[in-house]
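The structures considered in this document are given below.
Same chain, two partners: chain A is paired with chain B first, then with chain C.
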Partner chain A sequence: MAIKFEHVSFQYKSIDNKGYLALDDVNVVIENTGEFITLIGETGSGKSTLVQHMNALLTPSKGSMNILGVKISSTAKENKDVQFNPIRKQVGLVFQFPEYQLFEETVEKDIMFGPKNFGVSESEAKKRAREAINIVGLDDSYLSRSPFNLSGGEKKRVSIAGILAMEPDILILDEPTSGLDPRGRDALLEVFYQIHTSLNKTVLIITHDMNTVYEYAKRVLVMREGALVYDGDPVKLFSRKNIDNWNLDVPDIIQLKDALESNFHLDMSGTIRNKKALLKRLEEVLS
Partner chain B sequence: MKVVIGRYVPGSGFFYSMDPRTKIIALILLMIATFLIDSFALMLGAIGLIVLLMMAGRIGIKRVYLGLRPLMFLLIFTFVFQILFNRQGEILLSRTVYYSFLSLALAVGLVVFWFFTKKFTRFKLFYFVIMVAGLYAIFTEIGNVSPFATGTLAIYEEGLSMAAFIMLRLIIIVTLSTILTITTKPTDLNLGLEHVLKPLKIFRINTEDIAMIISISLRYIPTLLDEANKIMLAQASRGVDFKEGKLKDKVMQIVSLLVPMFIISFKRSDELANAMEARSFTPGATRTRLHQLSWKRLDSVAIGIAFLALSLSIVLRISPWI
Partner chain C sequence: MDTLLGDDILDMIEIKNLGFSYQEDGVALSDVSFNVEKGEWLTILGHNGSGKSTLSKLLVGLLRPSSGTITVDGQVLGEESVYDIRKKIGIVFQNPDNQFVGVTVKDDIAFGLENLQIPRDEMVKRIDEYANRVDMADFLEKEPQALSGGQKQRVAIAGILAMKTDVIIFDEATSMLDPKGRKTILKYIQKLNEEGVTVITITHDMRESVLSDRILVLKNGEVLKIGPTKDILLDKETLESSNLELLLPLEVMHTLEQKNITHPKLKEFLWQLSLNT
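So, the complex of A and B:
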């Protein structure tokens, strides 16, 4: 149990002091190894606010949370002795827009910025930068380039490398594939899946792409109007009747499967979560 | 947000229904009048009138006081400066000041003590006065133990009255401008400014452009604040601790905040310019407006009163009877 939220509510303050309830009584437990979670929900449902709590960038207005053994509560007085920086090293959060974090002269320096802030030596940070840039699918020649002359997708990859180089235990990504072309998106998702499987790390991805959710996620969280309305298996989620109320799309694979079943009366039973499995099943049924 | 200066507060009352042009012109006239007043009685009279005006216009005095609070430091600073360095008129008070190790140590101790305990008291101003009185006692009485240097603290009549005058003037000016900004929406204020500045056209200054620049800047203050906040969160995720750190780290922290800020602002302005041009905005072309300013009888009366106050202050200034 690495991250535990207990009745966490968060209110954004507005000028007229009414406030806006972005999180409403959220209870969730996330393990620090072996999870691959997707977080979905409409825009404005509180997804980003929730993940910003997970590395203690925001602290709850009500309720309490326990992040890797550090208890964080709703009052500033009780949080006085909390060391926030170690939490942020262990729980790496990649923001949606890379423009918010790129600032150095070269990509290499920018990737090294995070590790160096956490006390990693210059040479070690350099080594990590090289590794991280390769992990996100860019070659070494990018290290000497300016981060501002890159394309949108490349900037995104560099910003992800900047967090990967911190070697966090839990990796959280806020819409990592938005603004990428389909091929780049698939490649990057594969990278996150590799990080998850080879290092047995927990990865949490915010996404609007139901295909990603259905294909990769072991667990899915659904947010609606600040509340966590679903926490569990993605297969079960899409077989529920009320997903229309949550404004969620049905993944392409399920639509295709349903069409094959109803239009061609093929028996497509069994768990089919990606193209490969669908093709395999088709071959079995048709032969 | 604690800052009250320059912030619009929704409400009702005659100030709200006035034309922004009226308010701007009246503010300028009344400011000039304030600078012309040179007797204490008149200054207090002016303050009384302003308080009456505020009560009639249903503007809380507390709100204006909150607007003055951030300027308290400036007010006290000018006051002390005037008292200490204006050496004209009769001497009211003259004391020897002793600089000794004891007095310096005690003074530093007292200021540090005041700095750390001031947040526990509700009467901050009173506490500050006590602190200043303590400093005075330390330098003139208690510190007289083998001093290595002495000086004189002298307060002159002219210095005291000038100090009080400047302080009252500043209070009046800030109060008047606060009334303007509290009761006028930034967009209205900008529109009013555009009209008031129109005479500058004879110097070939395009007032519409200036007004557009002001309104765009005002519009983007909250957006940029929001952006800065997001950048801070993103950098905090990479281990930047904006609260702590040595001087060397501080520089790096600020750079990590400023560079993305600049990049985003340039990008934004570029996009805004394109969006404006896509909707046929042409600099310098005549534009029509959705909200037209309308001059009412109230405005004429207000301008009349402001002119009256200005002429009265001129007459009283040059007349030989007072």
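So, the complex of A and C:
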């Protein structure tokens, strides 16, 4: 079971009736366990539109999708028997700036809202709220607090806990770390990585931060003008040719590695994907 | 010399013992003092919740201090002077969508000028001039939904430039942009500063601070440290204690020094590299 897109196109309607092609013939398969994927691309390239298809908030103008066994096509007639609720429960989507969507008087109630909406009992929802708040790295004492008096990073964690409490198979997050300071960003990325490794869930993150892509992702998707132009290994993505063609920002690690190699002829070959590995190698070649 | 002439004032902004508390959340800033020289570029670095956005709102008179004073170009900020001072300080905020007030790009740039009651001929001239400066001249009749985040931020900058303020504050103005948008905005900031505009950038992105003259680090509402950019960029302890990080080349430099590994030219090379991020 997976998410499978076949020739999916999506056209936004505009006032002048010209329309705007936000997705252009996208074919992609996302497994429902064990993946850690980053989705990148310039503003307006179709990233958010793509993930809103993955839990059927939007349906294709052309082409079809199979989401965890449910077929969704481009006509209302064919989709009339589709049950959308189970899809939205199984594919959890966290919007950009989810903290703006917190609304309950306590953190606990806010986290319980989603599962209760999907028919989970009060006591089960309570249990899940406690589990979810711990997964995102906050302790139980947060449950009784008002979500409005939390810091930006804490609010983001609470809203992610709200999605986790629905126990989705796939977790999708739209720019979850934007606006966070470096420590807040690293801590949250660690949370996603934990969800991926310890719960074996598929996690997909939209980001503009190439360091995140290079350091964490097993697979990277690149969108450009509505088309999916790259689907594969992050290490291969950052080759000279792709960087020039797609106007990519180069991860700090690669910039530094390349500069050291070409200016000091130090051997920086092999897989060096994070700060720790880079420092270790430098120590070896310099001492 | 004891003469006190307006032109002798070197400080564009002088902040003394500034404090601010929110009714619900308590103290946001306490006893903050620093100055910004005319033509200087100061970076204010701080973690989420350090009080940096509160500080920028105080500077443009959107909030009123609980204690202390803000002096802009020799004039103390208060109820009566706030309108004068807003002619001197412009601010570009984080979210490009929250500050686009016009129906078109042209309207948006005109908005501030209308408030200043600039004559029509002069207004038209300035709109063209500053739209050109941020490479948005071809977009004057466009609506905001036709623009990317970076383009909207450029329009916001044009609107402030057109008002010819002496100081521009960029409050996390690049944090919601894609890499290309971020780099373009940074280039404009650099150019403005070279032309004599006093710049304050508020950020937690170290890459934005490398070109500034000085850095101030805020932590939990207090000034943890202020100094020349180079000193602060290399100050691992100060940065990490306030949830920030060293730029990667400088982190490498620091680690090599700790391990007593020396290499001819490598240190200078890493420093230069950190300025290019």
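Criterion: the second predicted complex is superposed on the first by the 282 of 287 C-alpha atoms of A that agree within 3 Å, B and C clash if a C-alpha of one lies under 4 Å from a C-alpha of the other, contacts with A are read in each partner's own complex, and residues count from 1 in each chain.
One rule holds for everything that comes next: a residue touches a chain if its C-beta (ideal position, glycine included) is under 8 Å from a C-beta of that chain, and two chains touch if they have at least 3 such contacts.
In this text the structure is predicted, and so the values were computed from the model without any measurement.
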item	value
Which superposed partner A:Leu57 touches (first chain B, second chain C, both, neither)	first
Partner chain in contact with A:Glu283 - chain B first, chain C second, else both or neither	second
Chain B versus chain C as contact partner of A:His265, first or second or both or neither	neither
Which of chain B and chain C A:Ser151 touches, first, second, both or neither	second
Which of chain B and chain C A:Glu99 touches, first, second, both or neither	first
Chain B versus chain C as contact partner of A:Leu180, first or second or both or neither	second
Chain touching more of chain A, residue-wise (chain B, chain C)	C
Touching partner for A:Phe113 - first (chain B), second (chain C), both, neither	first
Chain A - residues contacting chain B, complex	15, 52, 55, 57, 84-85, 88-89, 92-95, 97, 99-103, 113-114, 117-118, 148, 162-163, 166
Interfacial residue positions of chain C with respect to chain A in the complex	24-25, 46-49, 94, 148-150, 172, 175-181, 204, 206, 243-245, 247-249, 251-252, 255-256, 259, 261, 263, 265-266, 269, 273, 277
Touching residues on chain B, where the partner in the complex is chain A	1, 227, 230-231, 233-241, 255-256, 258-260, 263-264, 267
Chain A residues touching chain C - in the complex, by the definition given at the top	42-44, 149, 151-153, 178-184, 208, 210, 247-249, 252-253, 255-256, 259, 263-264, 275, 278-279, 282-283, 286-287
